[in-house]
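Input: structures, listed below.
Common to both upcoming complexes is chain A, partnered first by chain B, then by chain C.
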Partner chain A sequence: MVDSRIGRVELRIPNRPEWVAVARLTISAVANRLPFSVEDIEDLKLAIAEACTTVIQAGEGEGTIDIVCETDLNELRIHVRDTRPGSADVFQERSEASGIEGLGVFLIQALMDEVRHTADPRAGTELVMIKRVGS
Partner chain B sequence: MDIKVNVRESSDDAYVVELGGEIDVYTSPKVKDAITELIDQGHYNLVINLEKVRYIDSTGLGVLIGGLKRVREHGGSVNLVCTNPQIKKIFDITGLVKIFGIFDDEVGAQKALA
Partner chain C sequence: MSASPGEERWDRRRTRDAFSRLAAARDVDARAHERVRDELVVAHLNLVRYLAVKFANRGEALEDLIQVGTLGLIKAIDRFDAERGVEFTTYATPTIVGEIKRYFRDKGWAVKVPRRLQELNLAVNRAIEKLAVELGHSPTVAELAQQLGASEEEILEAQELGQAYNLLSLDTEVSGDGDKGAQTLADYIGKHDPQLLNLEDRANLEKAFDVLTRRERIILFLRFYESVSQTEIAKRLNVSQMHVSRLQQKALEKLRTALLER
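For the complex of A and B:
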């Protein structure tokens, strides 16, 4: 029998500011499946919002943000993908930026246990964030 | 998702911007408009009360930083009222505690402006 904590949730939202709250609420609900503290869940909500905001602010034109949450026994992995082909690795650009522009990615890195990003000219840009229970 | 913005004059040419709700990429333009309007009117000493704010992200922080930069050009200041531990934590992580005066109540924030 599969442990009830193990699961996968997929969400696709328009890359517009008014939809970021939906991503936050979804992550909060998924994180509640694991024994995260209230503070950890607030960190996760902020991290997903910063990831979505980074994509929105960098993007040109309409598109979607694909979010995949994978829960394991003691960790939550969140994939955030800008699906527009040919999109630059905005997460890399922002991690190198100073001042206000780099604040969002800086917060993600500070609040999550593991962060990595990839850019594929065909598949788009993806950010993976991992938060472990009790870390 | 909501943001409430209430602007009022306090004393000694200081203005209080009381915010409530969530400040993110969607709602922060409304906060920016309120702060910009005050500065454009020549009010450079501001208290921004975040006591009723449940959530703030980097776009909200950017609006506060932008406001602070503008008032400082005119010799003014921005003090914050913040009691929410999660929001205080964000100011800590980002180092903004060193840039803003952060107080537990409006009285203290206003006194420090003088």
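For the complex of A and C:
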């Protein structure tokens, strides 16, 4: 039997601010499958909100944010993808922007154990963040 | 995003310039060093505020978070090395966040929040009943949030998670002895021991017996401990049954008064 902690959840939300709460709630429910502390879960919610906000602020035009959560025995991997075609690496762009708007990515890095972002002209920008239990 | 009033705007060039002045003054001109350091702190207070606000929903006052965040900022300014080619905000963010998170850990925050959620869960359940009566319909999440002064997200989360922190079936086997009489959680549930609950009453009653005469004690003992009839007691004491009845009543009255006086 597959361990009850292992699973994969996919979520697609409109890239509008009012949908960020749905992502936060989903992440907290998924994270609760693993023995994360409440503080860890709050950090994960903050991180997903920052990731979504970064995507929303960076882009123009309607689109979706695709979120994939993969839970493993003791880690949670969250993929956040900006699906707008041809989008450059919004996370890279934002982190280079001066001023406070660009801080989201650094805040995520401060909260997660591992963060990386990639840009693919067809698939869009993707941010992957990993949080391990008890780290 | 514009800086709030009272906080200076900063930009990369000004920051870089300030850090080179800071480095120049270090170990040379203590007062100039302090002045530039203050300037840098003030210029980045809105960075601290921006980060502190992100943690403001975790049960600590925003002012306190800004205060510890500012400590983090000062540490970052003192340790920052402009030569490394990293932007100061990039460098300072994890330091400030680290300081804020340490504050929560020191305050034992991890223990506090589940209780908050559970309290909110109880409050939500009470509010649902109350609002259902007042509104004449099952309340919406928005109505609950307004009633309880919480966000809609908190309401949803309290409902979903507040009640489900590690829910286990009572039939969950806890001792894996295989088929040989495995114990379940239900087997470990305690119950009130009636004898234990009576202990205090017994002790009080024993004390109260001191107020009785020897004869009264004998009557009560025979009547209530040995279940001897009043007629039989009357025979043994060589008095009338009516007299036994009166003595018994008087004795019980004295006991009652003595117990109530405690």
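The criterion applied here is as follows: the second predicted complex is superposed on the first by the 134 of 135 C-alpha atoms of A that agree within 3 Å, B and C clash if a C-alpha of one lies under 4 Å from a C-alpha of the other, contacts with A are read in each partner's own complex, and residues count from 1 in each chain.
One rule holds for everything that comes next: contacts are C-beta pairs under 8 Å (C-beta built on N, C-alpha and C of every residue); 3 or more make two chains touch, one makes a residue touch a chain.
Values in this document were obtained by computation on a predicted structure and should not be read as measured data.
After superposition onto chain A, partners chain B and chain C are found to clash with each other. In the superposition on chain A, A:L34 contacts neither chain B nor chain C.
In the superposition on chain A, contact of A:I56 is made with chain B only, not with chain C.
Look at A:F106: by the touch rule set out above, it reaches both chain B and chain C.
When both complexes are overlaid on chain A, the residue A:A21 reaches chain B and chain C alike.
Looking at the shared chain after the overlay, A:V115 reaches neither chain B nor chain C. The superposed model shows chain C running into chain B at a single listed stretch; among 19-27, 55-63, 109-117 or 181-189 it is 55-63. The interface of chain A with chain B overlaps its interface with chain C at residues 21, 24, 39, 42, 46, 50, 100, 103, 106-107, 110-111.
The residues of chain B lying in touch with chain A in their complex are 1, 22, 24-26, 55, 57-59, 61-62, 65-66, 86, 89-90, 93-94.
Contact residues on chain A toward chain B in their complex (touch as defined above): 17-18, 20-21, 24, 39, 42, 45-46, 49-50, 52-53, 56-57, 100, 103-104, 106-107, 110-111. Chain A makes touch with chain C in their complex at residues 21, 24-25, 28-29, 32, 37-39, 42-43, 46, 50, 95, 98-103, 106-107, 109-111.
Those residues of chain C that touch chain A in the complex are listed here as 1, 11-12, 46-47, 50-51, 54-55, 58, 89-90, 93-94, 97-98, 101, 104-105, 109-110, 113-114, 117, 152-153, 156-157, 160-161, 164.
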